[in-house]
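Submitted below is the structure of interest, expressed as structure tokens.
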Amino acid sequence: MQTLHFMLAMLLLLTLGAGLWRAVRGPTAADRMLAVQVFGTTAVTITLLLSQAFGDATLRDVAVMIAVLAAVTAVAFVQRAWLE
Amino acid sequence: MTTELLYALVGVGLFSLGLYALFVRANLLRKILAVNVMSSGVFLVLVALARRTGAVAPDPVPHAMVITGIVVAVSATAFALMLMLRIVQETGRAELPDTWSE
Amino acid sequence: MDAQNLTQWIFDTLTGLGLLCLAWMALASSQLIKAIVLFVAFGLLMALTWVRLDAVDIALAEVAIGAGLTGALLLAALAKLTAVQTATSKAAHRSPKDRAARKLYRMPAALLLLVAAGLAYSVLSLPLNSRGLSIEVGANLDASGVGNPVTAVLLNFRGYDTLLEIFVLFLALLGVWSLGSLPPHRIEPAGPVLNTLVVVLAPLLILLAAYFLWAGAHGPGGAFQAGATLGAAGVLLQLAGWKPGPGFARLPWKLILLAGPALFILFALFTLVTGQHLLEYAPERAGILILLLETGATFSIGLTLAALFFGERPDDAEGR
Amino acid sequence: MTLGNYIAAPLLVSGVVFFLAGSAGLLRFPDVYTRLHSLTKSDNVGLGLIVAGLAVQAESWFVVGKLLLVWLLVLLAGASVANLITKGAMQRGIKMWTPKI
């Protein structure tokens, strides 16, 4: 079962590659921010899976933090840095 | 190759990448990003090597140092960003004057 | 190699390559906004790396600071940069980039390859197993007053590190304040959606800060994570258009700003006067003293980080 | 394997499938609005399924609560941010893709 969690986490890490490609390609700044948003959600999911795989309950706190702070960065982008 | 060594080598790579960018990029905001990447590299080496304890929990002393380092890095970044903005305000460009060409 | 090991190896390799890739593309990109966005993504991947390396305390700090606050700081700086550049009359001309300059890049590249090779060699030549100081920390953990070894190191065994670190944070704020104020930059008014989001997230962040402060005594968490979470709440409020009024230049807020450094100095002097070493607590009192220190430090760190994001003295901002 | 694991495994796997579908959308869809549409839906459902799978395996109700909290947070943040980005994109005149007939 532990291996399944780890494998799924690895697959999700691969989907981060898609996000990375979109963040690099753009074309608009909105696309890049969108990609970071995906990074956030995927990181939350990977952390939850690893929490179960390692049997480490405290990792769920990290997942909560990623969920909230990813939103803060996205808001910072929309409110301040989005110029084009 | 153990997990610890793998991540430590990635840390070395990050440090070198950051140092290179710090040398060759003129834009000050990029230099600030480069320093941040360098510090991430150093943190990664420290934490990866702290995990060479085998089956028991990793060495907490490097962990504590890295947490301190992360907070120092963010305060230094905030200060550097404000300095950069003031330099732009004074000179009109986000680059340091190139003394070689003058 | 069984399935578990193979999966882990692939996971680690992907993470490592991803980190190097993201760092390179962030530093090599032509647009600043792209560089910053990629850097934020880099921070998130760093957080996952800390999770993988059993460093939950660091992962919490990295998420709050590396991915959250630094990203917000950089994005806001970009907005200010544009405002400053339009406000300055001097034309922003680009530095000449001729072929000779490009050729010069090769020299540092070659030198840095040597440096990287040297560093890699020294990392590889280290012993594969080392307990470091973990045995000493484990042996003295009972006397430290807390159950989380990282908190024990930060606030008891190496408390002087944290003392200096709090002052670095404070100095950075003084430095930012001493640089004066900038021309006003674009601030988007908050719509109903953002307001709703902030109404939910800001109290939640404050609650999380309290949780981390309390949890730090026995598990991952502590003053830095709690302070950074509190700072993120301040940043979020500012992003929604809330501005610190003139009241923030008054005494109560300055006292909060100073709570962390002042408590540290007080405790340091007290331990010196009572004949112990610097910041050496008696085991029976250590728990409560550390909690007091951490509470003060949390408020100071949170307020300082929020003020660093704001960027100028509250009274300067009022004077315009 | 216990009964819980037999229920959890398909939930977890289908969650990841949703994530893969979302990434396909991120790569293949033609403009920022359609990409947003694909991501917000698939990632939220994907995370929901994975949270459900992990909740089946959870050791206590406290853990289930925390997992639910994470999911609700991501839903709230994802929906709000998607709205902010779309509104900003429309204000800035980013063109919508129209199919060529």
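Which chain is which? They are A, B, C and D, in the order written, and residues in each are numbered from 1.
Following the convention adopted for this analysis, contacts are C-beta pairs under 8 Å (C-beta built on N, C-alpha and C of every residue); 3 or more make two chains touch, one makes a residue touch a chain.
Not measured: the values here are computed from a predicted model.
Taking the mean of C-alpha positions as each chain's centre, the chain lying farthest from the centre of subunit C is D.
When the interfaces A-C and A-D are ranked by C-beta pairs in contact, the top one is A-C.
Chain centres here are Cα means. That of subunit A falls 19 Å from that of subunit C.
Centre-to-centre spacing of subunit B and subunit C amounts to 12 Å, using the average Cα coordinate of each chain. Remark: subunit C and subunit D have CA centroids separated by 28 Å (rounded to whole angstrom). In subunit D, the residues touching two or more other chains are 73, 77, 80, 84.
Residue positions of subunit C touching 2 or more other chains, listed in rising order: 8, 36, 52, 54, 78, 194, 197, 201, 204.
Multi-chain contact residues of subunit A (touching two or more other chains): 19, 33, 35, 64, 68, 70-71, 75, 78. Each chain pair that touches appears in this list: A-C, A-D, B-C, C-D.
The part of subunit B that touches subunit C in the complex is made up of residues 2-10, 12-21, 23-27, 29-30, 32-34, 36-37, 40, 43-45, 47-54, 56-68, 70-79, 81-86, 88-89, 91-95, 98, 101.
For subunit D in complex with subunit A, the residues that touch the partner chain are 1, 5, 9, 12-13, 15-16, 19-20, 22-24, 26-27, 32, 35-36, 39, 43-44, 46-47, 50-51, 54, 57, 63, 66-67, 69-70, 73-74, 77-78, 80-82, 84-85, 88-89, 92, 94. By the touch criterion given at the top, residues 191, 193-194, 196-197, 200-201, 204 of subunit C touch subunit D in their complex. Residues 1, 4-5, 8, 11-12, 15, 18-19, 21-22, 28, 30-31, 33-35, 37-38, 41-42, 44-45, 48-49, 52, 57, 60, 63-64, 67-68, 70-71, 74-75, 78, 82, 84 of subunit A touch subunit D in their complex.
Subunit D meets subunit C in the complex at residues 73, 76-77, 80, 83-84, 87.
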